[in-house]
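Two complexes are shown next, each including subunit A; its partner changes from subunit B in the first to subunit C in the second.
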Partner chain A sequence: MTKQKHAKEPLMHLTRRLNFSPKYAWAIRIGAFVLSILVCAIVTTILSPKANVGFFFRYLFTGTFGTTRLIWALFRDLAILLLLALAVTPCFKMRYWNIGGEGQALMGCLGAAVIVSQLYGKMATPLVLIIALVVAIGFGAVWAVIPALFKAKWNTNETLLTLMFNYIAGCLGAFFVKKADPNTTGSLSFLDSIGNAGNIGSNQFILIIIIATVITTLMAVYLKYSKHGYEITVVGESPNTARYVGIHNKKVIIRTLVLCGVLCGIVGFMMVCFKDHSFKAESATDTTVGGLGFTAVLISWLAHFNPLAMVLTSFLVVFITRGAKNVGDYARLGANYPSMMVGIFFFFIIATEFFINFKISFRQKGELPKEPDDLIKSSEETADKTRAQSADAAAATPASATEA
Partner chain B sequence: MTILVSMIQQAIHFGAVFLYGSTGETIVEKSGHLNLGMPGIMCLGGVGGCLGAYWAFQGGWSTFWVVLLAVIMAMAFGGLGGLLYGLFTITLRCNQNVTGLTLTTFGAGVLGFWGTQMGDKGITFAPASRMFWTPVDSTANWFSQIFLSHGPLVYLAIAIAIVVAVYMNHTRKGLALRAVGENPAAADAAGINVIAHKYVSCVLGAAIAGIGGAFYLLDCTQGSLEYVIDAMGWLAVALVIFSLWRPGIGIFGAFIFGFLYRLPYNITGVALAEKELLKVIPYAVTALVLIIISFFNKRETQPPAALGLPYFREDR
Partner chain C sequence: MKKTLITIIAVVVVASMLVASLAGCSKVFKKGITEKVELSEIKIGLICLHDKNSTYDKNFIEAMEQAQVDLGLKDDQVVIATGIPEGDECYQKACELAEAGCNIIMADSFGHEDYMIKAAKEYPTVLFAHATGTKAAETNLDNFVNAFAAIYEGRYLAGVVAGMKLQELVAAGKPAKVGYVGAYTYAEVISGYTSWFLGVKSIVPEVTMEVTFTGSWYDETAENTAANTLIDRGAVLISQHADSMGAPNACEAKNVPNVSYNGSTAAACPNTFLISSRINWTPYYTYLVECRQNGVKPDKDYVGTIATGSVQLTGLGTAVAAGTSDKLTEVKAQLAAGTLKVFSVDIANMTVGGQPVTTAKLGSTELVSDGYYHESIYRSAPSFDLRIDGITLLDEKY
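Let's turn to the complex of A and B:
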């Protein structure tokens, strides 16, 4: 018999993990977080002659937990980011890749800014704020629902369409800013008019945090226990199944995107009226929202669309953003240093998904017979044996049959 | 008349940036990967290109070698970004949108960071960039103003786009690449090495886009690092859709985008606010194209069917 050349078994072999334990997943994520911070520290020491690892960690923590005010600001930023992530989560659960959270929130900002700049002083301030909120919600919802309508009707690619809508929103924002104040560089300040809006007593942070807490709870309940949440999951898992059990796919898509737009509108309103007290839109990409809408996509995805896990993921992101900004300020690394660190951090965390979802098995030695001839010989032997046995059995059966 | 000539000249000039980006992104998307990291990759390419041009220029090399080293460095830096993207989305099978957005954050951060560092050190790229662009001779006739007044990289962009168009539509490898983007499982069954095709197109596409970043910084802005490239990168992604995933159409699409991009700067007698509104046109037109192609639903004009989906052989 001629020897055949066998294809070698690959060194590594991937299988999908079907039942991973949450403990294992979180252990991997936390490990990756620690690792990413260490890499950030090392990169920083390489980049800056001033910084060493101790310097990095000192300013990383003083930038985030250094003073009471900083801690409040940390949680305020967390709340905003969390709300944006919550807004896009139902869409992702439905496998509707809405990366337009940025534009939807910006439209919310724009709506609030239009009302505040036009109506302030003409009526009572609380009334202005209420109208601003309503208009912000309306703008956000419209911006979210237009791509959804096209998706529902003609199956238009929502990833690309919402991406375009982000920039259209940015251009509209820049148009409004220049229209309202032709002499500005790209930012309208409302500090003189509604500078105190959103303060409870002298605390300017707590209202946003409370709103975020309430909405997070509601969203968790909505997704897990409500009929709507169930429908969203079914449409995401399999649109056909949803159709067979009588769920109206198009209605669910549009309804969910209205919800997303409403939440984004609320966030936009809070950014303009409660947080920044200004509206910035220098260009299509340099705005009040400033990329948070994209970061929210990452946060939602990293938390596996679980609203409570999102609290943790958004905390980590805000922590590293604010901390890195502080390190950058002290080491004089410039305004873009934090986004580099955030990028490194995200790469690590994204990579963990692989280790959570897949299992790597390495080639094992001594399992298979090496020589193909042996394999054939042994299989022939066993075949002979079974043939003999079956012949015996066949011989035995008639006898037993006659006995019976 | 002179204004029109100048506008067309600028359209071609700036269109080349979009052309590099969209040609690169088309190759990547044809393999089934939506690389939203293109803006970041163009930023990385810009860093590489500027470094290459600076080194070669400081070394006293001739124009040809300065340009060549800048292109090679830009391709290397952009390609590294593409490799990183490929590693995450092909081998690690991570979500493409998430990886791409991270790459954009990272790349823009690297360019901004590096730009500030160079500024602090007093290193400027304006002298080196003189190797890349030529001042337009306004006394020349319209033909040479429009078509012959550009730096070498404009012609390279067109050449690359044509080569890629031919490769994609008239070679066996190109057919295999398109098959991978449409239905990787079927391509795999037909004996096409799916993973290799995906890697090659991710890296190659990113390398081409990287030249675009370098071209923008060294030619369009004449060595100034003040400008961010990420807006250009997003327009390049938009252009891929506008050109219906065809690099040949992309050439003309790029010039249209270039024209629209420069329109607010060229028009006089319009207020600043309305100029901002004009900037919406490329995005709005792209959104419209997306809606129209989905409305007609012709198979030839659709995005690659497996766009955005990770491929794992053992999945059913």
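Let's turn to the complex of A and C:
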């Protein structure tokens, strides 16, 4: 019992890194990316007798850069994911945790699908597309603003509400598909009606890429240089400060969510009218958006809400997804293999963020410190102090020591 | 940090372009559909909706693996793309496979068809085949074909086996009532349950059947519940057209004989499994390869039969009635010889609303002639969707 007199130093403890150079951080991130790809390669060779590391890299690259068509498709996928990430970014900067990008984009898809399926043939096609865009934007904005109103008025938890709204949107979509065509297995095809919408000449990819480039630039400027962008940051960092300097918090929240919904609506419109030329909602989760709205949350987060960095993070995710699909097809690893590879990638990247932000200090070899106070080295002073004090108290009272 | 970031992005973009300029050439197959192709030049792409976790796709994938072995193709001559939804992804994947050098591309799901046609128009030297589709004849492209099998004959034979069992149950005092779990109210499902019912009826003429639908090709809970509902309503024997183990397991739990689909369920249901029918796609894949080798256009609407080995029955379960095996051989021979027609419009075989069937149209083509409904003759995909007497649909919401 006397051995417990001094608090034992834990094997390791965490301290927050206060000064790290961005260069060092990016070096770590790139290292982690390379490492994650290597782990993907090794896991693949374990999963499939057909594959070795050379096989993995060969098909990873031929699946992404193998032909001109694949490169266009890669950048179009990147554009869609990037736009969804951009849409939720202002919310996150405001510390409004909107994880409803999925549902908001799906509502955009639904709005476009309703218009195309009901109005096509009744008026000129360009007019149908314009109305589809407007309605898609409206649907997306409404879906984003409802939780924002709840938040502004009753301070409800936006994370839960936006999450649940995703599933409601999915169910509405499935309902519409069944109503519009009771005989389908869950999707409506517009191939015969607007199958060529979104093509510039014979290029079906470039329009979405151009739109994404423009919106990314505008968003970067909006967040960094506009008054609105500044207000978003202030509301995010300290709502009280915002209030004192005369920023109307509720107004900023609602305005930002309208922006988010509008962007999601645009993405939804492009998915239905320019990319898929169909609308799918087989169930609440198996839809046209297909989980990209959730991936976008991670994209935005990993890029620290910086629109330009998001180009890079979404590129990496799309690269791995598309490359892994090709590897999986040739190695016959099944439909879920690409998700596994993306999972490994995210695991490494998120772990990296942890190591960039925190430092692990191991117990020093040699003599144990005589006084518990010697343990205090880090910026977590108070926490350690409390721990040490309670340890002291435990040692002092025999009863509690026995319990321990 | 911003500088670093911009540098990184620039490097990525430049690197991509560099790789693009090096690798950005496609390997689209150059020889036309009517030119002869060496076996070593063959490259097949298979586009599947799900993967082996679905019995439906598993059937296609395993048949492709068998065809690869039979033909002696190398691994990189067969690409199997799984998890391809019925949308733009299917079109993109078909194009990507074409650019990767595939000269035969096959898709397995009904909803893939429009996207396959779109790709077929872009790559005229590549042969696109689509299972269960209906549009090959009307689109009239040289390089787009449909395929199916006369699975209704397999279903009918499975129905005969079920009929033998039902006869035994009726003799033991049970009612002559059977049940069927369907996915959707499509021609494919209607044709399936009707042919099965007619098989049962050929042995037990007074049989009646109730059918219920789940609205999904794969919903284990719904299929299980549906089978239980049918059993509770007095069905003494169950079959199904949906892809999960829901119905067979429900039958095993209540000791009700079951006829399954797409493969044997004998291992999971040893006491109740009777027989299962399935389409074997290997003969069709082989046929496509032979067509390319010989420079011949394949049939626009291919129908595999018992004779081509496309319609297969599994072995009989231990629960079948005595004499089943002999009866099965006898009926199979009649079907193969053409003396027996499953969809005979003879009044003893089927009536609709108490009246004999005299006409049915597919577009402008008359399907009823020579005393039978011509299923899968003018179009490979099933078209039979008459609601014949003796079968009650409990719901039609799907």
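Here are some notes:
Going forward, the second predicted complex is superposed on the first by the 349 of 404 C-alpha atoms of A that agree within 3 Å, B and C clash if a C-alpha of one lies under 4 Å from a C-alpha of the other, contacts with A are read in each partner's own complex, and residues count from 1 in each chain.
The working rule: contacts are C-beta pairs under 8 Å (C-beta built on N, C-alpha and C of every residue); 3 or more make two chains touch, one makes a residue touch a chain.
For clarity, every value in this text was computed on a predicted model and none was experimentally measured.
A simple residue count on subunit A separates subunit B from subunit C, and the partner touching more is B.
Residue contacts after overlaying the shared chain place A:P182 against subunit B and subunit C alike. Of the two partner chains placed by the overlay, neither subunit B nor subunit C lies in contact with A:T213. In the superposed model, A:N336 makes contact with both subunit B and subunit C.
By the document's definition of touching, of the two partners only subunit C reaches A:A73; subunit B does not.
Using the contact criterion defined above for the overlaid structures, shared-chain residue A:T241 touches neither subunit B nor subunit C, since it reaches no partner.
When both complexes are overlaid on chain A, the residue A:S226 reaches neither subunit B nor subunit C.
Of the two partner chains, neither subunit B nor subunit C is touched by A:Q118. Looking at subunit A, you'll find residues 182, 334-336 touch subunit B in one structure and subunit C in the other. Every residue of subunit A that touches subunit B in the complex is listed here, in rising order: 14-16, 47, 97, 99, 150, 154-157, 159-161, 163-165, 167-168, 171-172, 174-179, 182, 283-285, 291, 294-295, 297-298, 301-302, 333-344, 346-347, 350-351, 353-354, 357-358. Only residues 1-2, 4-6, 8-9, 12, 16, 19-20, 23-27, 48, 50-53, 61, 75-76, 79-83, 85-88, 92, 95-96, 99-100, 110-111, 114-115, 118, 184-186, 217, 397-398 of subunit C touch subunit A when the two sit together in their complex. Residue ranges of subunit A in contact with subunit C, taken from their complex: 22-23, 26, 50, 61-62, 65-71, 73, 182-185, 187, 189, 191-192, 195, 275-278, 280, 288, 290, 306, 308-309, 311-312, 315, 325, 328-330, 332, 334-336.
For subunit B in complex with subunit A, the residues that touch the partner chain are 34, 36, 84, 88, 92-95, 97-99, 101-113, 115-117, 228, 230-231, 234, 237-238, 241, 271-277, 279-280, 283-284, 286-287, 290-291, 294-295, 297, 303, 307-308, 312, 314-315.
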